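Structure record follows, encoded as structure tokens.
Order as written gives the chain letters A, B, C and D; numbering starts at 1 within each chain.
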Amino acid sequence: MSANTAATAARETDKHINIYEPHEWKHSTQVASVTWKNPVGTASGTFQYAAVRWFYDVSQLGAVCTKGCSPIPWEGNPSPRTAEGPASNLNAVGLQNPGVDHYLEDDLPKLKKAGAMVIANVAGHCDDDYMQVVEKLADSDADMLEINVSCPNVTHGGMSVGTDPVALATLMDKLRPMTDKPMIVKLTPNVTDITVPARAAVEHGADALSMINTVLGMRLNIRTGEPIIANKTGGVSGPAVLPIGIAAVYRVRTALPEIPIIGIGGIDSGEKALEYLYAGANAVEVGAAALFDPVAPLRIARELDDLLDERPELAAKLAAGKTWR
Amino acid sequence: MSANTAATAARETDKHINIYEPHEWKHSTQVASVTWKNPVGTASGTFQYAAVRWFYDVSQLGAVCTKGCSPIPWEGNPSPRTAEGPASNLNAVGLQNPGVDHYLEDDLPKLKKAGAMVIANVAGHCDDDYMQVVEKLADSDADMLEINVSCPNVTHGGMSVGTDPVALATLMDKLRPMTDKPMIVKLTPNVTDITVPARAAVEHGADALSMINTVLGMRLNIRTGEPIIANKTGGVSGPAVLPIGIAAVYRVRTALPEIPIIGIGGIDSGEKALEYLYAGANAVEVGAAALFDPVAPLRIARELDDLLDERPELAAKLAAGKTWR
Amino acid sequence: MTTFTPTHDVVAEATAAGFFPPRHTVEVTQVTELTDRVVRLTFRDAFIASHAKPAQFVNLFTHDDFMLMPRPFGVSEVEGDEVSVIFAIIGHGTEQLAQLQSGDMVDVLGPLGRGFNLKQDANYILVGGGLGVPPLVYAAQKIADLAGSVATSVIGYRDAHFGEEYVSRYTDRSFSIDNAQGNVVDLLNQLEQSGELYATDHTPIILSCGPLPMMKAVAAWAAERDIPAQLSMEQRMGCGYGTCVLCTVDTVDGRLKVCSDGPVFTREQLGWGK
Amino acid sequence: MTTFTPTHDVVAEATAAGFFPPRHTVEVTQVTELTDRVVRLTFRDAFIASHAKPAQFVNLFTHDDFMLMPRPFGVSEVEGDEVSVIFAIIGHGTEQLAQLQSGDMVDVLGPLGRGFNLKQDANYILVGGGLGVPPLVYAAQKIADLAGSVATSVIGYRDAHFGEEYVSRYTDRSFSIDNAQGNVVDLLNQLEQSGELYATDHTPIILSCGPLPMMKAVAAWAAERDIPAQLSMEQRMGCGYGTCVLCTVDTVDGRLKVCSDGPVFTREQLGWGK
């Protein structure tokens, strides 16, 4: 995206895409042997079917990753939960969600009925939380599970599981036997070396990795001198984090040549999605861009589909479950 | 800064500041008992006297932090060394510099003659490098030393000293006895918990901390599918990293209430400098903003001087060597 | 400051396909400074004009890529296919929006949220303060079209009465007070005593929008009298259309989204005034 | 797309205080598309107009806050207080600069770098290709003013001869070739044989700007004949004025800064052609 206007897509691709026109997807991808009709999904926490269904047909996306799901309803953090950074958004939702039972009764069946490929994002304050959720999702219609071990907003003995490779391995050893569903582990960038938890996750059963979750950040109000977000710190997302996400994918791809990777962070155009694919991702998820325009994920998918036309080598690799690197 | 124009300053402060007019600085600060005439300095690597002297009187800055200095001349990384991110810059200079002897003969005397308050930034690939530089700077005219233990571009057994609290403590134990000059340790944000190296540095003799250095990032060329920077990854700086720097300062200030802190990262206006002061910094350094406009550091200093007029409580604390938090 | 004129009508594309229009670019037709740092901005948008309900809002977007997040503003008036908002310049986003000029383009998403419920025939007492006034202007405009209802406005100002001409343009009776004289609850009491507040056979229903302490006081005042009250809330938002859960308010039913469960909540939902 | 007109003249403020002007906002006076994706942009800047030397460049800045980094372009012509650059649209920055229109404002810093050395009376042979042509146009313009020197241009084009009219406007003799016919070294050889290249008593000096392989070949050609060659380099830049060391080129004297040690280097400095 260049200037902050709705006309951006048209400028970047040099042509206007009517995202509402029926479209035959030309370039599929595979993530842990699951075929996506295109490489673009939504990122967890920025997609709710009840809100998005008015704007476009969600079955057109490569996948839909739903909001972090906990064993019981969580009320999350107090408001204000958000602030703005230069080219970014900060959030501290604290994983508010109505719980896994509601998810199984309401969101999931609706999404499946709408024809979506669904990734269920799993959240927890402790190992037991994760286990309860995975147990209930094991026999569900969810196509893939994404284990969020990285949310910086929730205190888990201080840090998140994603920052401690031993804790992560322990958790994966518990979760892995519970289901045959493809299990994606979603990593946090707030670590010294992201290849360390990446390796731990893969060695303990992850079928794929996704990255990055939000980057720790904060804003203060210069009228009051106090933090803007009630939780004080929050997670940075949006265009500003793009180079951080690209570096994470590239480094993990270099360390682990075979593992499927979903690239996340700052994607707001087909070109940026493409950049993640060149960094070694098999697919991408779009988060904050959807806050600024509801149809961003679908527009990006369409832009990417056209960009891949001119890149047959990359397209063929993705369709075969391989990557550029 | 809002829109990317030279008229920005005028809009932000609602008035035009003529930075060339003689100015009586109204609000000083103290960093490790050294008084700065105002709280704004330049960040290491984005200020060279030979280049900047044509643009403004460098003695007007709170301080001038010079480019990382090594025992012998270093040639740095091959080109290209830079790429652009949304609201950011990526760099992989690899600490090219003409070495400490040249610094002592050329840059430092010129800067002191020009009336600048000088922070000498010290770089090294190993402990011995740092020791050689500090030894030579110990009796120099430099007002403060800043130990860069965080540059992500230089391989030091893989990671930088700043990511390993034990290595950092060991280094500080060697450097501390070598000089009475105030010693600032400059921290990297590329760690799981920045308060850990912060504490190690302070417990082993740091008189002050500065943060953040650049954030690990990368960009690829979507025409070739290859990294733009020859070094592949680089360090992200500029507006995009602001919330990351603010969070770092706030968290370290909370963990270490007494240590002087210089806030760095994404500062391009007096308002953002002020935000760092509210987060708990005693002063700030301006980096990438100077790439986009040579006079940015001085403009920011002037904007902040006016903003502090309306904040007598904060201004009084800073002048007394205390901070907002 | 202008922007790129879109060559395609995304609103038409979306609605033709049966979907709600996404963010799109519209033309600014008028920008007026009402008082110091308060601006009325009008843009042309047939879709929003024909669908917006009072207390619904629109997300406006600046042209500054540093500020990607939506700026939500309550719709304050609709004339033909033109939609107006009234806003205070409080930060860099509103500062930049205030610099738009007639003929410039601006990005918009909306109408968003659930508006006031005006189904019942009633004497709608519009109680507002400060920047809560703009949505009430639109409520008054809509009530003026309802055969069975009347509108009474009771507005508190800090000092300048910036929206007054707009409110009184549409209300049947309008009253105001400023900080020097007292607050809106003082005024409500005064008007109750003088009988002016209920000078009609209609059942009173309060619609309120304004600063939190004011709305709490108004809810308490209404609760004491068993008058229904609908209160329009504000919260920092991420998306404005219900997808991110960044905009919650604590209610008796838990943390609800201001943007899509609200912005209008009843005093019972908020647990205020009991 | 326009921007905010500065209310103060920072160039005047800076120069009055004895300093070089910082980044400042200037008016675009003309934008012309020369060929597909190649644009000539003219802006009014008395300071740059009166100081710029051939092969010096200016940093232009987009209005897009996603793209904060400078876009450097060689000065290609100066007329009165108007300065022109010619650039190819290769990415989002140049795409956006190409959308500027006469009357819009743009931010600029310059003139930057060290230009060609034109002190010696000579037959300056301007050897260029592609986007190396714009600085050579300005070299030709300046040489035309020098009583003791002449200019001969030898330009290679990929296909469209976009800058040709500008080069030939100022050179004493101009020759060109395109990819279908051969490269500039072929043309140099041809002109040498035909005698056209040295059809004057002046000592030949090569000034070159263009793609790296071309300049290396030209340097080698010059070295064989002991003709001095000044080569203008390109590199991705951070600041453009010598403060960040992001723009280095490997020379026999080590890694030097293209922006302030260059962009012009001799073939000896670059170690080319020996």
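Following the convention adopted for this analysis, a residue touches a chain if its C-beta (ideal position, glycine included) is under 8 Å from a C-beta of that chain, and two chains touch if they have at least 3 such contacts.
As the structure is a computational prediction, the values presented were derived from the model and not from experiment.
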{"item": "Where chain A and chain D overlap in contact partners, by chain label", "value": "B, C"}
{"item": "Centre distance in Å when chain A and chain B are each reduced to the mean of their C-alpha atoms", "value": "33"}
{"item": "Between chain A and chain C, centroid-to-centroid distance (C-alpha), Å", "value": "34"}
{"item": "Mean-CA-position distance for chain D and chain C (Å)", "value": "56"}
{"item": "Residue numbers of chain A (touch at least two other chains)", "value": "1-3, 11, 83, 86-88, 239"}
{"item": "Two or more partner chains touched - positions in chain D", "value": "1, 3-4, 62-67"}
{"item": "Chain contact topology (line, ring, star, complete or other)", "value": "complete"}
{"item": "Interface residues, chain A side, partner chain D - complex", "value": "1-3, 11-12, 86-87, 239"}
{"item": "Chain C-facing residues of chain D, complex", "value": "1-4, 64-66, 99"}
{"item": "Contact footprint of chain B on chain D as seen in their complex", "value": "3-8, 10, 13-14, 16-17, 19-20, 22-25, 61-70, 105, 107, 109, 235-239, 241-250, 254-255, 260"}
{"item": "In the complex, chain B residues that touch chain A", "value": "1, 83, 85-88, 90, 159, 163, 190-193, 215-220, 222, 225-227, 232-234, 236, 239-244, 246-247, 250-251, 266, 271, 274-275, 278-279, 307, 314, 324"}
{"item": "Chain B partner contacts - residues on chain C that touch it in the complex", "value": "1, 62-67, 92, 95-96"}
